[in-house]
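Order as written gives the chain letters A, B, C, D, E and F; numbering starts at 1 within each chain.
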């Protein structure tokens, strides 16, 4: 491939300038429209806040992950369990019923 | 004009294939489950995002030189990422409840029936036209019943890499669905009286027992099941780092920054396997169906085993805790606790369910080792 | 004696070349800027240090088997490091101001004029003897005007790897110089009355809008500009992890430990490209000059666009905020705030400038995608 | 290799089912025994708690690692040293004895 | 039956070799030292665990495709892991005490006599039948006397990879044994009066001195010892990141998460070199013996040098601080402090011993560079 | 290459011993001189403390980094801005002037 002349190169660069800036403006203009549509959409379908989150599904959801959420939830569970174990233990410190 | 032509050809629009569009919808669906339904978001969010990226025409994320290509081959093809996650999970796991009540290991064993029964079922599906699972495929699918993400990904990457995407998605989805899938089975197999059974308090476990335990597990695995030592070994390393108490900074890093970094990459890499050729097949339907069966059978086997154990035990055993044997830590244990509380609002089964729960992790790692040894 | 001879030959002294000495001075200069002048120290310190190391005779840091060689080929040649940094930056970015006032996206678009005009300028420089920039080179240089380090490194690694060192140094240096370069241009193009304009308070943006936004950006990029999806995709992944609120541990790791580790390595790798053959050329002078031009044109274009927008807008728009469109987050927005305060000590423009500021990040990633598609 | 018939495959899968479940049960049963033995062992040889830890060896052990324990111990050391340095300094602020 | 046969053949039991069993016992021994005796647990725990894993029959951890194989070739064979650890150690090191009393650098120099004398000793051992150390082997073994883990691993990986396991184990073990090995030597070489000597308080060192120091060290190393620049360079980078105060987030990551991640991997990789073929040789006995000799000679040389210095110094010098010149930071300095306190319960030598202690790190990195230049 | 005799090896090791220790001492001695020179230099050119740092350049410097300093500064900026926004809002809660 032989090197294009400077004027050819400048023509190329000029067309890049026009096409590029147009594309950037078109892209971000479409994004403006999208953002406005999102705002409308979000307004139109307000989050069913309390409803969704109060369903029984929520509990598991919060602790769903096996591989990484583990420790925290574990700890929380353990605290709950320990609380009950301790209170059970304190109720007279009787030996476990066999 | 020519520039505009090039520009148009360099948009994705003229290159989209139907399969890619559908897989993007699948990706969006996974993001929806992760963000709105909070299904295993730590994995399903990156998996869903990876599915979006890998199906973009012209972007080449999963082709040679693409980001997801590198991540997959460095981390999943080699098995490194699931093993590092397993190390981190090991560093998060407390075997105290299991050591205090070692018989719960049998519940973790019983629940693996879900795996092996599903393997049988997958082969039986070959009778249906359209299905042609090899024994390797069947084993990789069956491990979904182990309810353990890293184990499933590790085994699938070794036995059936082309099914890895579907298997991982099924595994994490069903783990998220444990609170929906398990309770009906648990209730069907138990009487209200059984569900009310109170269990004795667990004894205190010493620090030394907790240190020796992972070494004992490793020793046993080395002796009889070397093919399971990558999974079990890294798990025990993590647990030993935690329990030994002498390398806290390593243990903390393993269960925080390192597992987080690897989780992002693992999720993206799994997502990169969600291409239309690999996912939009009748096999995927089979995998999803078999996965649900595997979970259900595992749950049932665990509960039934707990009932049997209870018959022969001097100490009372609530059969519900058997359901936790499928692993899916810690959700299955929480489900047990919840179902138990419904029967008796003063009966906290959580700690009792943690034993079978972590036993299930070991059980499915052992099952994975057996499958690797026999069909790998 | 022989040992002493070997020892002398194994010191660097008899092997130093003039170019290496000069490049070490450049490295020291970068360290000086980073440590004493506090110019972008997070990048310029490792870059400067990398420049020192790579120019040591006999040490072979950037030869096969050398540390910097490995880091460069694993992380920069593949594009992985800039993409991971972009993910981390995404996880740090709050698009609230942009969503509240979406028209500021046009300011982010206008400021990219600096990029494309500089591309033209770089080609025009070929008329000067000694310069012979290919279209790829020119595009890689022009992206300096995007005022975004990872984008510049990513594009340069694809289009003109041999210029990467100079381009990255120019990009980060000019980003550090934003408070010196921008104010005169901003003041020249605006009247004191314009600079005093108070803008209306931004509306509150809901969590759901913030979650949908990165997905919308990704969707649009997928459709019309797949070549920009590596950059935009990883940025949106980071942002989605942050805004979804369901994977906080991943988001925190992405914007802390992971980005820190990658920043150290990226800086060293960029520094390893500062060899005398690549840097001590007339092209580097051209790059430095063109970079300054690109920043200035981008700033001017942003301000002028803001003035035009203000003409057609019902709500008042302070034209200063247009200058933030070059990105250089968050410094350009701070400069806008400062210049605004000089005009009116009660006029806080910071939040209003954050919109065009983050729009500029998107804008330059989009511009990079266009350049990749058209000249890549 | 030609594909085995479905019945052959099922036989294979069935034997896997039996062998696999047996192995899992055997493995975990042996582990049960092991855990009980560990408990017995730990009980039989109680930790020589205070004894071991009070020996002079302990000090170095706590700070053993060169490559990573550094900062913390360093800091601790520094604090100790600073404390003494400061108290030395305050005792009249006399010049160092030469 | 056939399945059972396969299963039996897939257990490790029929495949164990005596050497593997012995190496597993060595691994357990290292775990015991790490966990119970708390000997350098951060390294010895992963090394011991790696030794267990690599010796499992059939598991193939260190064969092509195995986890430890990947880790070793990516991190140790390339030298990357020890260099990253050195960067982290640099970010943890405070050169204040050394800058306040620069003559203590001579103590760090003297203690390196342990290295070079041991090199001589290793070659002399070749006179004993069964030993055949090359000059490279001897140099790699001798570096144990540097009492610096990453330096020893880096040099061994370059000069004698097959001895790396034994060398690393010896280096870390003896570092842990410093409180046992050093005091008798220190007491034998000093009189009670000498041990009671009180030293003058150290002057305050300015921030700028601390910033310039690592650059001066690097500059000197570049000039006269480029072969030491990988080690010294990364160390100085870490130290510069810390002292410059402008990149705290990088410095914190380097000395926490990054060094922790690398430490886990480095330990496992070193452990993977503990195979019976490489370790169960008479050479290992030689290495262990020579390592002890090296530590002892280094300690003695440091103390004697301190006595000589004290003769010619106007300011009092307690000869005990010479022992800290072997490095083993910060334990050797603590041992000095302790032995000093035994002589005079009001004499705190810790800060004074930190100078030679960090000087020893530089000294052994310099010695490693010399060995690389002369026999590498 | 045939193996050198033990005595040759010992000669080699001996010369390494001499050359190596000399080099180490020379290196660290030069470093001693350097450290003293640095101390002199730092004393001779005291930091123009308040002067340098009070120049207008300082503000940008503190927040310079795009790629990583982001969050913190962002937050700080946001706090500043929120403070002003809130106080603006409270001043009568009037609708934004159009």
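By definition in this document, a contact is a pair of C-beta atoms (placed from the backbone, for glycine too) under 8 Å apart; a residue touches a chain by one contact, two chains touch by 3 or more.
Everything numeric in this text was worked out from a predicted model, so none of it was measured.
**Student:** Identify the chains adjacent to both chain C and chain D in the sense defined at the top.
**Tutor:** Touching chain C as well as chain D, we find B, E.
**Student:** Please identify the chain with the largest separation between its CA centroid and the CA centroid of chain D.
**Tutor:** C
**Student:** Just how much do you need to spin chain A so its Cα atoms sit on those of chain D, in degrees to the nearest 5?
**Tutor:** Resulting rotation angle: about 120 degrees.
**Student:** Out of C-F, D-E or A-C, find the interface that copies B-D, where copy means more than half of the contact pairs are identical.
**Tutor:** A-C
**Student:** Taking each chain's centre as the mean of its C-alpha atoms, give the chain farthest from chain B.
**Tutor:** F
**Student:** How would you label the chain B and chain C contact, same or different, if same means the shared numbers make up over half of all numbers there?
**Tutor:** Since fewer than half of the residue numbers are used by both chains, the interface counts as different.
**Student:** I'd like the Å distance between the centres of chain A and chain B, where a centre is the mean of that chain's Cα atoms.
**Tutor:** The mean C-alpha positions of chain A and chain B differ by 22 Å.
**Student:** Centroid of chain E to centroid of chain F, CA atoms only: how many Å?
**Tutor:** The mean C-alpha positions of chain E and chain F differ by 26 Å.
**Student:** Mind checking the centre-to-centre distance between chain C and chain E? Centres are C-alpha means, answer in whole Å.
**Tutor:** Centre separation, chain C to chain E: 41 Å.
**Student:** Taking each chain's centre as its mean C-alpha position, how far apart are chain D and chain F in Å?
**Tutor:** Chain centroid spacing, chain D to chain F, equals 36 Å.
**Student:** Enumerate the residues of chain F that touch no fewer than two other chains.
**Tutor:** Touching at least two other chains: 16, 19, 23, 68.
**Student:** Could you list which residues of chain C touch at least two other chains?
**Tutor:** In chain C, the residues touching two or more other chains are 3, 7, 38, 41-42, 224-225, 249, 257, 260, 263, 370, 374.
**Student:** Can you name every chain pair that touches?
**Tutor:** Pairs flagged as touching, ordered by label: A-B, A-C, B-C, B-D, B-E, C-E, C-F, D-E, E-F.
**Student:** Considering the complex alone, what residue numbers of chain B touch chain C?
**Tutor:** Interface residues on chain B, with respect to chain C: 3, 6-7, 10-13, 24, 28, 31, 34-35, 38, 41-42, 45-46, 49, 52-53, 56-59, 61, 65, 67, 70, 256-257, 260-261, 263-264.
**Student:** Residue numbers of chain F touching chain E in their complex, please.
**Tutor:** Result: residues 6, 9-10, 12-14, 16-17, 19-21, 23-25, 27-32, 34-36, 38-39, 41-42, 47, 68 of chain F touch chain E.
**Student:** Under the definition above, what is the set of chain A residues touching chain B in their complex?
**Tutor:** So the residues of chain A in touch with chain B come to 15-16, 19, 23, 56-71, 73-74, 77-78, 80-81, 84-85, 88-89, 96-98.
**Student:** If we count contacts the way the header does, which residues on chain C are in touch with chain B in the complex?
**Tutor:** 78-80, 83, 211, 215, 218, 222-227, 229-230, 233-234, 237, 240-241, 244, 246-247, 249-250, 252-254, 257-258, 370, 373-374
**Student:** Which of the residues in chain E come into contact with chain D in the complex?
**Tutor:** Contact set of chain E toward chain D: 3-4, 7, 37-43, 85, 88-89, 92-94, 147-150, 175-176, 178-180, 198, 200-202, 255, 259-260, 263, 314-315, 327-331, 333-335, 337-338, 348, 350-351, 354.
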